[in-house]
């Protein structure tokens, strides 16, 4: 926002003392109440406002503390934002960023726990990014802000505490490039958003059995770097996509299908994991079962490699434990 | 509605002289303005009204002349309807039917041409059906009305003129059963909604090359009868899903992935077709390219069977021609 | 209104929520809690005007409403603990209490969503000639949402037997109403729909009750609905969680003081003799202690519960042996067999 | 207003749409058309109060607005024909005309959607201290939608330089306003937001212009927006398509007659001398004939156009060689390197 006075940031609660988990701290003071402001609870119209502002020459960043609330804004996102450049015959750009948070429920239950980014992957005209490291979080955000098309920027609440190296100067992470985060030969694990962390942990568990997993972070879900994933699968012959969302018509199905389209000449074992096929339950006993975790991911990868011949699930290891997370927030 | 006084039908324009292409003709006169009524343009609240009415003991049928408008109702559909039974711990049912029309654009362009049912396939708690024959249209609608869960009933505008046998008495077509509409050995074609018609035509074109295609109409997209499809693919070794929607995170990716999960022991050639990866263009020259048709489906199936070794596209045959379709409507 | 009953309701809600706040740091309630402490009077006043069979819809901040409408206290605590004995079998959580037999129909964590549901329920009652009415509760944040206006319009169009209750506590999370609406006069907005709209500023349980009782009587006597009430009130605790937040800077303790001085729980209690009051209080304390014990001793839902209640569990329908004989070019080949549009028509 | 100019605008719109209706049965326009015949005066009156650089947003029924705001006629016909020379290169169609240089910003086929876009544009103008104003056009159907009220609220909250124009033709498709809103008084509803709201019943192009000009002047002189006008008008043709539909039963020819007697095109023409009028008419006819010929002679977009303009065509960014060294358990292992929330903060 410092570099470009046309950037505007707004959304419910961006200007309160919690400042969206600190991510908008001090921006009002720095850039003023005209460029940084909280809004009424009007997701539909405020998304329309973002679009109109973008057409007027502004680069809006619209922040939502939960992805679930975007269901109120689908009309503007799907019917307007995604289609404006095309409907205008390419004459106008629509540079806007929608920051939407997803999370791991912690008893929040049905309506505060969804990911739903597959909806945005479905519709041509939108880009989707779900970074998992501090480096990519910053670089992708700057990419998204500079992008002349609408970008859905998906933030996982648990990842907000993830540490890692970040250059202080501005830099961009290019759209459509995945990262191999662990090299391996026996199975390809694609972990989306927070599930990237679980996949990396799973790869360590798998070492106990002598299985070497290649772990890939797609970072951008659209444009998707299918080449990097397909190349890995060509080598390993096995693909497990671990998503932070329901499976049906999800990112996992898409990645698997694209890999098969790219590698028609080889018989590939595929699998996918994600939310259980139910609404998110708040009871801790059920919530535990709702999400994949490093151990269940490792177990599933093991099955793929060993053709389901034997089963195995690792003992929990303290050094690979889950991060502590505690509400309310 | 005659059989069950708790059924109520409403939505924009259900009570005008066009009567939703005749599908609601005379219902006001027969059942009265309290049970059959047009509404204000308030898709969000009217969907909420359907949910509330369903909780009160009514079986609402909410009609939308275009699927695109459901983007205004996503909050109630995804966050409320899909989740109510679960959030209520199973104590309440939510019997409601959402009739949503899709179509082939005829110059309608960006915002009146989308299918988007993959959104509803993604979210647990909703059922999705897309019948293609008069028999199934009636039987599935009665199934949907009697169902105690929310059902998205997807009608393709072009199919409204499709003729075929229909019992006059009420009957149901059970949820989750696909139909093999043409038996064959070399390739499995799954055609969704209107694309079922194109697949059947394609199977006739393919006969010219000696290829025998098994054509399957899934009818219900959720619950999906993957067994019938997987069994066919086990036989043919080749699967082409032709959808009436964009590909990314769509029904095709889902069906392909589920088949692979069911048939891990065989190397299967897969393909999918659907809308081009762009917003729907109104120019006739582009619209023609936007949709798959019998000939392009036949060509793609041919490729799958012949391992892309040679290419072929059939000459257009008058006896298999496209139906005439002309607006406005 | 029976003062003793009113005090019991108010005191009971207050104490339940204080207990929730007390237990919360133990991490036994793994779910975000939105306490109504300070706002009890609205729910109690309204529900006193309702009868069994009447229905309420609320929000994620509905502990008070749940209790005032007669929701089961043990099932409530169990739900907060995520136990299978909870009012939603551990599948709702604090934000999604429900008690169907009590007419507490459901809540939503997405602001504004249950307003239209309440309107639909009221329409359903009318259609089925059921003699009951519905109350729809929501906050001042919900009136920012477009769905609220769509709901007003439809409710008035169809004259449904419903009472809208806006619990205006002045804030949506930390944002005051004035930062979301300029020169707002909510009752003017609602009144412009032709809906009788009344603003009640006192927070007084008896005054709120008097107004709502009148509206309820009117609806029961067949007068067309809906009615609208804006009830000013105040949230004492932070938006979500068990703590005070007067040091956060978005509101002052002074602002709260007038409301605390006007505490309806204390004021109602003062109307009773000491022994009467103590009897009420002892009963309530015993009930709460028992409910907490019940929750503590209940089990978590087992693994098999995870995927039940997504759909109705139904027997598989029988097979269906229709075969379509591939009428692929058959749009015009009618031999009197109906086209699809007629089939849909006959399915309706 | 210059009467000759006003007549030219009115007559030109009328004739363009009559030509569309004439051509339509030939099937050369393969796109649903929503004609404004009968409604021309509103667009002309409003746009006469606008200056280059001002912006309008409309609906699928915006041929009149497009032309009144100075949209290119040849590009309009070409767009209707689906030609690559169309104002949206054949990617918009009749419902999605656009002319950026003319300030005709875009339309939507989903009722109510451009209202918020117009508000956002006006906010953007204010933020960038641009001296222009925005007019947002929509029908009486759009005011059923919740997004309209959200937009009113935000526009008033931020005092954006915008004029809302409700073209009230009494119907949404075939449903009269009274079947969608009971006892409606739209200006009351809007006025309750604190927004100056005026209903203009005459359909008179000069009266509408006078009111809107006043509002535009006020905005240009720095008075806070928005303003709201409800302009009664009447659609002569069917909702979509080129035909009359008085035999359909939902409205009577009698109802139309008063509006037809009040035909602003004819009335404006009568204010001119015969030679003046004929000069205008001849020029317009020639322009239209040329525009149709242009459309007819243009090419359809080629296959390569299909998937362009979905995203900006950009050069591939360079590679990026950051390697994450797998800080898998690293939530607490900070060596001063920022957590993600700080990274997002610093990206903003």
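Worth a mention:
Labels A, B, C and D are assigned to the chains in the order they are written; within every chain, residues are numbered from 1.
Assume contacts are C-beta pairs under 8 Å (C-beta built on N, C-alpha and C of every residue); 3 or more make two chains touch, one makes a residue touch a chain.
Model, not experiment: these values are computed from the prediction.
More inter-chain C-beta contacts link the pair A-D than the other of B-D and A-D. Taking the mean of C-alpha positions as each chain's centre, the chain lying farthest from the centre of chain C is D. Inter-chain spacing, taken between the CA centroids of chain A and chain C, is 33 Å. Separation between the centroids of chain B and chain C, computed from CA atoms only, is 36 Å.
Contact with two or more other chains is made by residues 86, 90-92, 96, 108, 110, 144-147, 150, 153, 157, 180-181, 309-310 of chain D.
Counting only residues that touch two or more partner chains, chain A has 39-40, 42, 44-45, 68, 71-72, 75, 79, 86-87, 109-111, 124-125, 277-279, 281.
On chain C, the positions that touch chain A within their shared complex are 27, 29-33, 82-84, 86, 90-96, 108-112, 141-142, 144-146, 172-175, 179-181, 240-241, 248-250, 300-303, 305-307, 309-310.
Chain B contributes residues 44, 68, 71-72, 74-75, 77-79, 82-83, 86-87, 109-111, 114, 116, 118-119, 121-125, 222, 246, 248-254, 256-257, 260-261, 264, 266-267, 269-272, 277-279, 281 to its touches with chain A in the complex. Those residues of chain A that touch chain C in the shared complex are 12-13, 16-18, 38-45, 68-69, 71-72, 106-112, 276-279, 281-286, 289-290, 326-329.
Remark: chain C residues 144-150, 153, 156-157, 159, 180-183, 185, 188-189, 191-194 touch chain D in the complex. Touching chain C in their complex are the following residues of chain B: 1, 6-9, 21-25, 27, 34-35, 39-40, 42, 44-58, 60-61, 75-76, 79-80, 84-93, 99, 124-125, 127, 131, 133-139, 141-143, 145, 147-149, 155, 159-166, 168, 170, 172-175, 177, 179, 181-182, 197, 200-201, 204, 217, 319-321, 323.
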